[in-house]
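What follows is a pair of complexes built around chain A, which joins chain B in one and chain C in the other.
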Partner chain A sequence: MKPPVKKDTTPFFVGYFKVPKKLRSFLLIAGVAVVAFMTAFGLVSGASQDDPGDGAFRFDYGRQTVTGVIELLPYPLLHVTEGNDRIKPGHTLMLTAQGKSGVFSRAEPLEGQKVTASGIILERGALNMLQVRGGARGLGPAEGSGAPPVSEPLGRWKLAGEICDGKCLAGAMRPGRGIAHKACANLCLLGDIPPVFVSTKPVDGSEFLMILGKDGGPLPAIAYDYVAQFISLEGDVSRHGDLLVLRMDPATIEVMK
Partner chain B sequence: MSVKYIPVQWNKNKWWYDGFMLAGVVGFLWVFLYVTPEILSHERPINPQIHNARAFGACAFFMMTIILCIGPLARLDKRFLPLLYNRRHFGVMTAAVALTHFSYVLNWYFAFSGTNKYEALLFSNTSYGQLVGFPFEAFGIFALLCLLILAATSHDFWLKFLTAPVWKRIHYLIYFAYAAVVAHVSLGVLQDQQNHLFTVVFVASAFTVAGLHLLAFLHERKAGDPDAVPDTDGWVQVCHAKDIPEARAKIAVLPSGDRVAVFRLEDKLSAVSNACAHQNGPLGEGKVIRCLITCPWHGFQYDIRSGRSPAPFTEKIPTYNLAVRDGVVLVNPKANPPGTYVEPVEV
Partner chain C sequence: MTTAETLLWLARIWLIVGGVTAAAFLTIGIDRIDEDAQGTYAFRPLLLPGILLLWPLVLWRWYVLETGRDDPDARFKPVRTAHGAMAVTLCIVILGTVLFALSSRQNWPAEFEPVQLSAPDQTPSGEVSE
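And then the complex of A and B:
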């Protein structure tokens, strides 16, 4: 007599046939689980994002027009002489053009002169910057003459913090700093946007310092490798109007943990 | 199976499959894009472009995670096999979601400058010599290219054109893509996190993928296909005939490393190559339905006697000559050319 033939009753799924009854509830659960997992992951990933801070374009302030004196560091600064309700005389504004470009070429012929600047303010806490309009209406010569205030040396400092592009940091992007934003920051800096060092400890009351090369030139190439990283460095700090400027010594850069 | 190439041969199960997967993607994106901003209630919201980029990027990561879990799950528990059936549609969806992530990033972080966006993407950060601050975008670009290649070649036309082994090898790119995405995220957004919840879920997902593959590997080593035992005249013993269930098969590894599947249909046995002509699916884990061996992966069918797909289909697999001696199934390990008729052997 032949032995009985084995039976394998495991349900067998064929895509173009009806799903075997035994598998139906399993597959239904699997399908619902995929939807549930994805939705839950969406919730967790979305809801765990960090606060990007309060930096922003202040379109709500309206267009700001002020008069002041240009100082080239070489990133142009505007020392305000005649301000308005929001921007007081004596304030020092960093300047930027639209997008990822600075205003060096437009400010250079106006160095040391009185100008009228007009545009939108970017603001993050005590840090602000003026994005000037295009053409002479954004940055043009004004009547009268003036001179930038005499800078005041504050000595050599060792600081810990992050090199950022001043514009994204001030609110052109939220978040506008950090490693994920590094390439964007580099691109801004290559476009002559003023670099800003965010210090963990305030220097003479300010945690934001415009940062330059050791000789006072633009941000040195070597510094680009450290943009957006937590580093320590040394340099000479001076006050230009009410803005602090750090002339960094690239040889002292150390990556912090 | 393929007769002529039409974009997708739809059936009800595919609709269901895509429906669930699409619902998962929509669920993820909808919650991330529209619900979480309310929950976060930041004083000033994250830029919409960045928020969108993150949503699509994270979504693509979790989609890849699911795709890569399906394989080992199906190896550990056959009930997951249907999830493999239409996985390529989910893969194409993943490529589309990843591409959306890319375009948000490109048109935000790398726009608004005098430099061409693509050049800016490649050359803004060149700190390749360091880990922190490494241009993690490079890993993202690599992963996206892989996904696009996989999506573009996902159709059966390419499978046939490239042949199954080559196609399969290309599609192993998904593992490199996943590794690249893990690096992309780890060296990018994870570096900035203050809230570590996402990091935890991210790491857990990556470990799940790795862990399931390890489990499946160990499972297969323990419960894998047995080696065929050498017999006289160069033939090999595969199994006992009585161990082969009706309409199913037993698989054995031949000395060459190829696998043979011996099927039983009404007291007669037939031996064919275990590798499906479609994507090398394990035919021996399939079932005989109306005289046709049916692949467990996508349902390609082959005549049990000749290894030929029924007309109008043209796929063919090799067959093997076999014999039964004292209840033991013997197979000649030299495969017959694909499609060779072999008379089934009475048990």
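And then the complex of A and C:
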């Protein structure tokens, strides 16, 4: 004779069956707890992030077309001579191509010449940049002649802040700075997007400075390791039009605590 | 070598070893450890991406099966006993990672005032002071 089979009364949840009575309270508490925890976690995570600011592509401005003179730095500048309602004459624009590409190869043949530039503005407060259209429609020679303004040296400075890629910082990405954005920033910088140093406090009225190497060349390779970190560094500052340019000394970089 | 170059170098080495492993496994090994794969070839290229990334696991399983150390019943043993501990461990690891990341974040040095180290006339345009 077979011994009687002991019936297992442990409640077992099966999605398409009615929920066992003994499991109802557990499921209710667990469900509410999971939703509450995830909500709280999301809120705390979001609240702990820095405000990405109001930088953005200003498509609402429409396509901007201005005339100016190219100053051929490793990241070419456009000194506006004939502007429009939004971009005034005398303003200095950093330039970028679409995506993660700079405009050096397109600007090189136009060095010191008067050009017409057309594209979309990226804007974050006092910082802006022009993303030019493709080909000569975006950056092409204009009639007349001109010369970039003479740069004004402002001396050697010690600054604290962050190295960013100017395009994302100006609004191509939100957030366009910080450690979570480092990989994107370095890819942009490898593509010759103008690097920008964000200073903790304004230097001669501006907290944004375009960065060059110590010898006036492109951003030195060692600086890529410090992108998106809060650092202090020394370098020579000069004013090019209404834009400040920092020739950084890589040997002076110190990571802030 | 910068950090990025080091990471790329490590990734390249990993993929090269994975490629060598894939070549050996897909031409020799798979026929020796899986009789169902013998004489079938069309599916083998589909395994390439996985082997490139998981080549240590492939080599280990190849070794275990080749040397007869495999316990075929092991896959049917319940693993539920380990689930609880793993779930708790995972929770602790995730929470610890988040807390570590938040606590090790740098603070924006908002109080740092730019310091002018030398006057403009001592630093002519185009030259860098030493």
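Here is the rule we go by: the second predicted complex is superposed on the first by the 208 of 257 C-alpha atoms of A that agree within 3 Å, B and C clash if a C-alpha of one lies under 4 Å from a C-alpha of the other, contacts with A are read in each partner's own complex, and residues count from 1 in each chain.
The rule we apply is simple: a contact is a pair of C-beta atoms (placed from the backbone, for glycine too) under 8 Å apart; a residue touches a chain by one contact, two chains touch by 3 or more.
It should be emphasised that the depicted structure is a prediction, and the values quoted were computed from it without experimental measurement.
Peer 1: Counting only touches as set out at the top, which of chain B and chain C does A:Gly31 meet: first, second, both, neither?
Peer 2: Touch status of A:Gly31: first partner only.
Peer 1: Is A:Asn186 in contact with chain B, with chain C, with both, or with neither (first, second, both, neither)?
Peer 2: both
Peer 1: In the overlaid three-chain picture, which partner chain does A:Arg156 touch, first (chain B) or second (chain C), both, or neither?
Peer 2: After superposing on A, A:Arg156 lies in contact with chain C but is clear of chain B.
Peer 1: Tell me which partner touches more residues of chain A in the superposed arrangement, chain B or chain C.
Peer 2: Here the partner covering more residues of chain A is B.
Peer 1: State whether A:Pro175 touches chain B only (first), chain C only (second), both chains, or neither.
Peer 2: first
Peer 1: A:Ser145 contacts which: chain B (first), chain C (second), both, neither?
Peer 2: In the superposed model, A:Ser145 contacts neither chain B nor chain C.
Peer 1: Between chain B (first) and chain C (second), which does A:Tyr224 come into contact with in this model arrangement: first, second, both, or neither?
Peer 2: A:Tyr224 sits against chain B and chain C alike.
Peer 1: Would you sort A:Asp236 into first (chain B), second (chain C), both or neither based on which partner it touches?
Peer 2: Only chain C; A:Asp236 stays clear of chain B.
Peer 1: Who does A:Thr39 touch here: chain B (first), chain C (second), both, or neither?
Peer 2: first
Peer 1: Could you tell me if A:Arg247 is touching chain B, chain C, both of them or neither one (first, second, both, neither)?
Peer 2: Second partner only, chain C.
Peer 1: Could you tell me which stretches of chain A are touched by chain B in one complex and by chain C in the other?
Peer 2: Dual-contact residues (chain A): 45, 48, 50, 179, 186, 224-225, 229, 255.
Peer 1: What residues on chain C touch chain A, complex-wise?
Peer 2: Those in contact with chain A are residues 2-4, 98, 102, 105-120, 122-129.
Peer 1: For the complex, which residues does chain A have touching chain B?
Peer 2: Those in contact with chain B are residues 2-3, 5-8, 10-19, 23, 26-27, 30-32, 34-39, 41-56, 98-101, 171, 173-175, 178-184, 186-188, 190-191, 224-229, 255.
Peer 1: Chain C touches which residues of chain A in the complex?
Peer 2: 45, 48, 50, 150-161, 179, 186, 199-203, 214-216, 221-222, 224-225, 229-230, 232, 234-236, 238, 247, 249, 255-257
Peer 1: Show which residues of chain B lie in contact with chain A when the two form their complex.
Peer 2: 11-14, 16-17, 20-21, 23-25, 27-33, 35-37, 39-40, 42-47, 50-51, 54-55, 58-59, 62-63, 66, 78-83, 85-86, 108-110, 112-115, 120-121, 124-125, 127, 129-130, 132-133, 135-137, 187-189, 191-198, 201, 242-248, 264, 267, 286-287, 289, 294, 296, 298-299, 347
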